[in-house]
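Each of the two complexes below includes subunit A, the first together with subunit B, the second together with subunit C.
After this line comes the complex of A and B, so read on.
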């Protein structure tokens, strides 16, 4: 079915292109160029032949975590140091999984094998891997201790430990506990059951597709008068890839349309926030798309409880009311109100609350908020100057995506080498992140932005328009870019 | 005064000893160790054998149940209620004997798997 669909899509595309006097090959080249410039992040294609200058700087570097951030940082460090002394601590053998593909697995576009990257395949030559878990941090004396009792000393430490998905916070499914996005999550799947799913883990993404197919079958028996209700949630914490809840919603929508049963289903998006997107331009675009597709949505709804037996989700709904006149401030008081709202569901997709791992949250390296407090531009720890953080665990606004890591790891490597050489930190991260927001099977809105909260597109195309070209980039270009560009060469 | 200093010294020494004796920490998604968690979080009040029913240092006269040998399912349910539960009628924290806050603190950072492991350990206490 999928192949047939893609074939149809491609032939449709060929027709469109032919009308503009262009072959698919040309178009792919164009997409290839755009993906190449994606790699460079808005500079130009020449940067692909970036000149690598090796340095003799010395120091023992310890990397906590072997995910995309940790592994690609290690790779790039081996590229730039002539005598690298690097150790990675990572207990999970699936830690390097291609997480951006989880939406595609959840939507049935890819099989799960596409996104499983084995940790051991990506450890750069000459880098030592310790298959244990770092559980105690002593930054004052520059060492960490693992669960097996190994003490590892360092001169420079890079924390890339990722984050915990905290299902435990949701009443009714507490037993799902906390987990990482990769690895064995059979307990999580068992607790979530047959109506509740989450693409935030690799195994969960596969299960999401199974559940979605079952629900589409069920929808065939429903009617527009008595529709099924599909709910998609967004929590009150920072999350990996803020667009993921919407992407899977759009893919579910596409699959329902494909089966011809879209009218039998009510699609509902419940977000804790008060807008669809932090960037006004993209907010308007997404809202327009929601209206066009007939989605419903509730703002300021945070998921609290799941009653699996009754198929009811309980949300904390917040709003403000006008209070009495305040004679001193010369304005009406604003009274915040909230109440619990019960909404019945037939299919519930949960984006779980997320937080920094406990061992870091409670260590001297962490902060009260949990994330590692680093300067958001240089990625250097505020207090311990020989510690850096990168990826999900770093306290960097809007920085929990693979696209952010692609910018962060270069900044980090430049800075750490400068520090080893006793120079001033040269590189600054500007908050670039990218969200290839899948709007249906075949089109993607490539939302790129940084801390200026303005769209920062790299091609002169209206960024708020959904395009098939970005779909090709998402499907074909981004994975090799991550796999080859970042993990195996450290150049992307 | 001397006694206080001595006590403080003793406490800090025992803390250090506990730290180096075992490298296990709860709440980190490691394979759960019921016995280690029991020693750290429970044994002070419930005794090494799970039969202690009062805390001598307390000014109030509070009694609680001897927990040794409790059913595993019942025990995990109770622990989970202490950890995250609220009473259905008024949403107040669970507090059965007056030590609710302490039970909450002791269970707060344990994962559900770890609560189950502690329950299994307590079930095995004689």
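After this line comes the complex of A and C, so read on.
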């Protein structure tokens, strides 16, 4: 992203703000983004904001993964270490893609080029990049082996390997296998076909928009009496950006309305969970929005199979029944029941099951739970104290968003440097995350929360209200904050 | 003040807790009553206080389970304050117990995606450790370990 891009983007933002009678400065103030200059690509103001004290701490640091979490952490380490000795292992040249933009690509707001960024553009000066895949981990002896047989030793290791999208677990499309959000996913697209899509990969997001447009054309031939059915799923695992399935549903809804064919489509959300959102306040707000928009939904429906030939999705539907009296606990038992149910679809958007990459999950660094077991506050591995994890791969509740990484990577850098200096770990992650929940084209509900399971808004505004201001932040501000603030400067 | 206790006995061989169907009354003195009133709303603090108090273990040794050295037991109920979920929780237990333990053990999830069985088993994993903390044993010299 060059300066011209930023100027164009800001110019567009200024035009939209002017139409609302507001300056950019006022808008940023209202949005609570104190470091507006950071978003503008300035550098002098940034330097003034945070005083960086370099340390002479020494140690070979190995980072597994060159996505947002890995690259931002490397960048920040180079800021704070006088003589950094950092190696990143990352085979995928698109690993640094702007993933939060995938919903916008899927909804036809952005072209895919907006979110494709080259790994090599974000490798900090002096950091060694090994373009191979780490496949074997030997934490007892502090080394990692790559697919090309390279043995890389370390004193400290940071696991930022992201996660696997596990389409393999879904019967009928298991040939799609497991994949990452970036890179060549042509096989996945081929397996999914013309009625099934997923914005969880960059290429898949582009394909989602193509399929959505085709289905909108089909909807013009349907009727309210014989509507098409669009299904959006949410799986039984933690996922990156828990709001993403609803975001793409809302964008599809907006596009259908735009085309004047909304009444010809039944919109159905099928989630494994028993609520719209884990935070009660946001659950209520999202439920209200679903009712307002005429969406249907099924709780406790986990996608198991896809029969592409018949356009049938098979779900594991769960419910509870009253069981026998428990005389010791003085209550009736609750008996979980489940059965397979088939639902026909015309358009199926899949949020796939997700888990840590297999080579990590099955290594001594991983855990049976499927993620890297770290202290959720310090991000330090429970067993191997010279190992840390950050981002999607870490076993941290509510931690799989770019907003979480923005808090985590600073904590991790402070802690690893303290350890290198022989000090106690000083920093703690408090579980902050943010989900800009797109409710339609032009409005966003900015769901911010942490482990208190309460809304934690930056501003004294009702966080459950959908606002155009947050849409502008989502469209114009968050990308430069990620790329310039985190990947390029390591300061945001 | 009189406090009514119910107990569970630990069957080491089967690794299970068995309910003692009897009720036992303990008379608290004035100081102990004050402490009880202070702690009664914080269930585990109340448990810990009795568990660590000499007067309580002396009473158990003499009045509740006399001549039962090496017996392992735990408190099941104190008046209307129940701890039985710690010893008898199972995956089919009511939602109220899930809420209690998820809060106690700090289970936090972004969305309500979990299966009841998955969370129930996570709770049982934590309870294996917690039960050891709650367990008491009558010993020869002192009254409790």
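Worth pointing out:
Methods note: the second predicted complex is superposed on the first by the 437 of 492 C-alpha atoms of A that agree within 3 Å, B and C clash if a C-alpha of one lies under 4 Å from a C-alpha of the other, contacts with A are read in each partner's own complex, and residues count from 1 in each chain.
Convention: a contact is a pair of C-beta atoms (placed from the backbone, for glycine too) under 8 Å apart; a residue touches a chain by one contact, two chains touch by 3 or more.
Given the structure is predicted, the values throughout are model-derived calculations rather than measurements.
Touch criterion not met for A:457: it reaches neither subunit B nor subunit C. Look at A:193: by the touch rule set out above, it reaches neither subunit B nor subunit C.
In the superposition on chain A, contact is made by A:273 with subunit C only, not with subunit B.
In the superposition on chain A, contact of A:357 is made with subunit B only, not with subunit C.
Looking at the shared chain after the overlay, A:136 reaches subunit B, while subunit C stays out of its contact range. In the superposition on chain A, A:235 makes contact with subunit C only, not with subunit B. By the touch criterion stated above, A:175 is placed in contact with subunit B alone, subunit C being left untouched. For subunit A, the partner with contacts to more residues, out of subunit B and subunit C, is C. Look at A:148: by the touch rule set out above, it reaches subunit B but stays clear of subunit C. Once the two complexes are overlaid on chain A, none of the subunit A residues touched by subunit B in the first is touched by subunit C in the second. Interface residues of subunit A facing subunit C in the complex, by the touch rule stated above, are 234-238, 242, 271-275, 277-278, 318, 320, 323, 326, 328-329, 331-336, 397-398, 400, 431, 433, 451, 453. Those residues of subunit C that touch subunit A in the complex are listed here as 19, 84-85, 88-95, 97, 106-117. Subunit B meets subunit A in the complex at residues 23-25, 27-30, 80, 84, 109, 111-113.
Interface residues of subunit A facing subunit B in the complex, by the touch rule stated above, are 133, 135-136, 145-149, 164, 168, 171, 174-180, 187, 357-359.
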